[in-house]
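The letters A, B and C name the chains in turn, as written, and every chain counts its residues from 1.
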Amino acid sequence: MNGSYSYTPGETDVPISKGLVSIRNLSKKQIESLLDESDRMLSFCRRKDKLDNLGNKIMATLFYEPSTRTRLSFESAMQRLGGGVIGFSDPRSSSVMKGESLADTIRIVSSYSDVIVIRHPEHGAAVEALRNSTVPVINAGDGIGEHPTQTILDLFTIGKEKKKVSGLNIAIIGDLKNGRTTHSLSYALSLFGNSLTFISPKELAMPDDIVAGLKSEFGTDMQISDSINDAKDADVIYMTRMQKERFTGKEDAEAGMPYYNINAKFVSESRNNVIIMHPLPRLAELSPEIDSLPNSVYFKQASYGVPVRMAILDAVLNANASNA
Amino acid sequence: MNGSYSYTPGETDVPISKGLVSIRNLSKKQIESLLDESDRMLSFCRRKDKLDNLGNKIMATLFYEPSTRTRLSFESAMQRLGGGVIGFSDPRSSSVMKGESLADTIRIVSSYSDVIVIRHPEHGAAVEALRNSTVPVINAGDGIGEHPTQTILDLFTIGKEKKKVSGLNIAIIGDLKNGRTTHSLSYALSLFGNSLTFISPKELAMPDDIVAGLKSEFGTDMQISDSINDAKDADVIYMTRMQKERFTGKEDAEAGMPYYNINAKFVSESRNNVIIMHPLPRLAELSPEIDSLPNSVYFKQASYGVPVRMAILDAVLNANASNA
Amino acid sequence: MNGSYSYTPGETDVPISKGLVSIRNLSKKQIESLLDESDRMLSFCRRKDKLDNLGNKIMATLFYEPSTRTRLSFESAMQRLGGGVIGFSDPRSSSVMKGESLADTIRIVSSYSDVIVIRHPEHGAAVEALRNSTVPVINAGDGIGEHPTQTILDLFTIGKEKKKVSGLNIAIIGDLKNGRTTHSLSYALSLFGNSLTFISPKELAMPDDIVAGLKSEFGTDMQISDSINDAKDADVIYMTRMQKERFTGKEDAEAGMPYYNINAKFVSESRNNVIIMHPLPRLAELSPEIDSLPNSVYFKQASYGVPVRMAILDAVLNANASNA
């Protein structure tokens, strides 16, 4: 990759050598290839093999927002592939950058590293980074924007547990208005031909334009509900964090917002082989009593973060090498 | 190691493959083996040999309390063995974990790494971590609880300097009520058959139950004093930080607490070959004028942090490998 | 290197095996050797070769002041040479060190690592570190003191762009009173026989003793001005950050301080092949419209941070090995 890249948001044919800023940049075939590669990386991890695929590469993790989970899995993935890591983990230690534009920071850090992984509180920051970088950029979450590596990880988990990633009925529950995770996931699940049930308080429903977009682009079969009971027929329940602060206090009580919770009773009333997923951290929406049920795959899902990110880093950097 | 471990505090026969949460988990033979291995690691360090014992392993350092010294020596040790490091060094950069239980954090991070090193302000946090981890856990200090790797390092220093770790008269000085270091050390020194002199202000004396426990379990010969002059006959003086704030101001002046200090005059009045140890950082309790005396081994003691932690990491992870 | 080193500030014949605390420690020949070696490292970086020169070495980066740019380039350099990194990046995560003297911290950390890179807010901290370290110390900026690796990097950039580092007319612009970068650079440029034009508001002029020193030591041809127009005949314009806060507000308006800025018009009026440098971050003193001009080499200059620091680390640690 030489020079920076004039990226257009929504662009669908972006080579993986540029990095990964949106799940929409990837074709179905590219995603399938990443899922296959993730499985191969999982075998390596389980055998504790030493890999050196990225032995001469440096990853910069620029975390303008704290994010222990995503950062640690990226850094573990890079090191399991033999690579090195530089970066900052805390917006405060980048305070010297105050006054410096994101563009300038990216120009400089891209000359210190072979790939940039960025988390930033502002929507669009990853695209801005990609436009100014001379190395590939991976979006690790940009505000209410995207978090594409989480989506690959979610698809991978579904594939491992259900042996397929299409033709399933998937209930997505929580704050569907503001959650970047659920937007990207709905897109990817539609691309692979699944039926979706969106469950949220009415005030936090999946935005109309997203629903309309999925309908027109993929003809996705979608149900919209505010009752968690409509998840009982799903093959997959994708629970997200219920921001408790939204649901307590006088105002919210008046708003009458439901507080969703999955407990052992709920699971027993659901499909026998339903799997329960969650991007974590979880609060009270998943009762600890279900942790040991075979249906609860959220910790397994988290554990796939390392092999999936190994596959993504390897694809990005090796595609890059072969294009160089 | 498969699945998490149902650990009971005080358990004495814990395999090293589970990690190290308390010095009480180790038998005398296990400790001796770690001391021997530390010596071998020290030789490697001195020859600047490159080791790759842990070349395919990742250590997670989860420091919920800042601790530059312990963290840096663990991270140096892991890298000198060829391993990689992930983690956080600051409670503030783990703020996203707010609301997430320690148990959940450990479940997830144990799927990203091969060993977890945890420092936490709450007593019992390391045991809680071990119970929820699928990888070994090493306690790097849990509140007023334990700090077992410091104890191994202290024993190693005594062994290097006095050519034995038993049959010595050892004075332990400072705040003996609240210091986790002195509690664990007293246990280990008793296990190896040493005589102990506890010197502290009366208000900060070694707790009665600990003294009674050492007496009944090991029949340890113990003296209790509030005068530092009772250290002058010791083979080893183990000084700890006098928290100056405790000893100044009106209230404390009234309490009449002594302020202990070791200077050149004190050393000249002590046993000829006494060694002076300190877990550091030191404040005014050790006068800089004694730094260059051959008796002062506290910087040497600190330097052993790397080989001792190399030995511990290697034992934990290789025992683990062979048990897998 | 055995034991710590009794360093005298201003000492000129310091072996590189002791580290690098001041540009004045290096002879012209030593600097030329580092520039040649930097060029070799740049070739390695461009070919993406894997080096293992420092494969068994650990670098400690002790940053008592946040400094993302310098820290990241050092950490990238060390890892590109196969070495490991420990350290802290934030003064707050070293809060446990409160109360511990810098001398004690250095004594301990030098037993954990093979080289210490220190940034500290206090002038003289690097010399204090060198005096207490048993491993080489590299000064990454000590208050208003020195920043010698920045100076090597600046000379390297001039050499790459102008094919020589002597006989040039170099304009240095900005706050020349307080800027450590411009002091060290003026020394090095004088050592190599260049003409200097110092441009600053009168209140922020290059200190008289520095000007007098360069005159008597090297007979440097120097011009002093407060008009940026006097830079238009330079071969090299070295711009530094204009601290905007100094130039706004009532007091400063009364002081009548000029605000310097380089834009496309200014460049078009300057020498045809002038190069424009800046240690970055830049604020409004360099208009973004000049970023794409071939004269603007400040991002290239930043990118040289990695190969130059690779050359310095390699020289320091390999000289050290052969002297041991």
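Just so we're on the same page, a contact is a pair of C-beta atoms (placed from the backbone, for glycine too) under 8 Å apart; a residue touches a chain by one contact, two chains touch by 3 or more.
Computed from a predicted model, the values in this text were never measured in an experiment.
Homomeric contact chain B/chain C: same residue numbering on both sides for under half of the interface positions. Its C-alpha atoms fitted onto chain B, chain A is found rotated by 120°, rounded in steps of 5. Measuring from the averaged C-alpha position of chain B to that of chain C gives a distance of 40 Å.
Shown for chain C are the residues that touch two or more other chains, namely 90, 92. Taken in their complex, chain A has these residues touching chain C: 55-58, 60, 84-88, 90, 92-97, 99-100, 104-105, 107-109, 111-114, 321.
Against chain C, in their complex, chain B makes its touches with residues 48-50, 66-69, 72-73, 75-76, 79-80, 89-90, 92, 280-283, 299, 302-303, 305-306.
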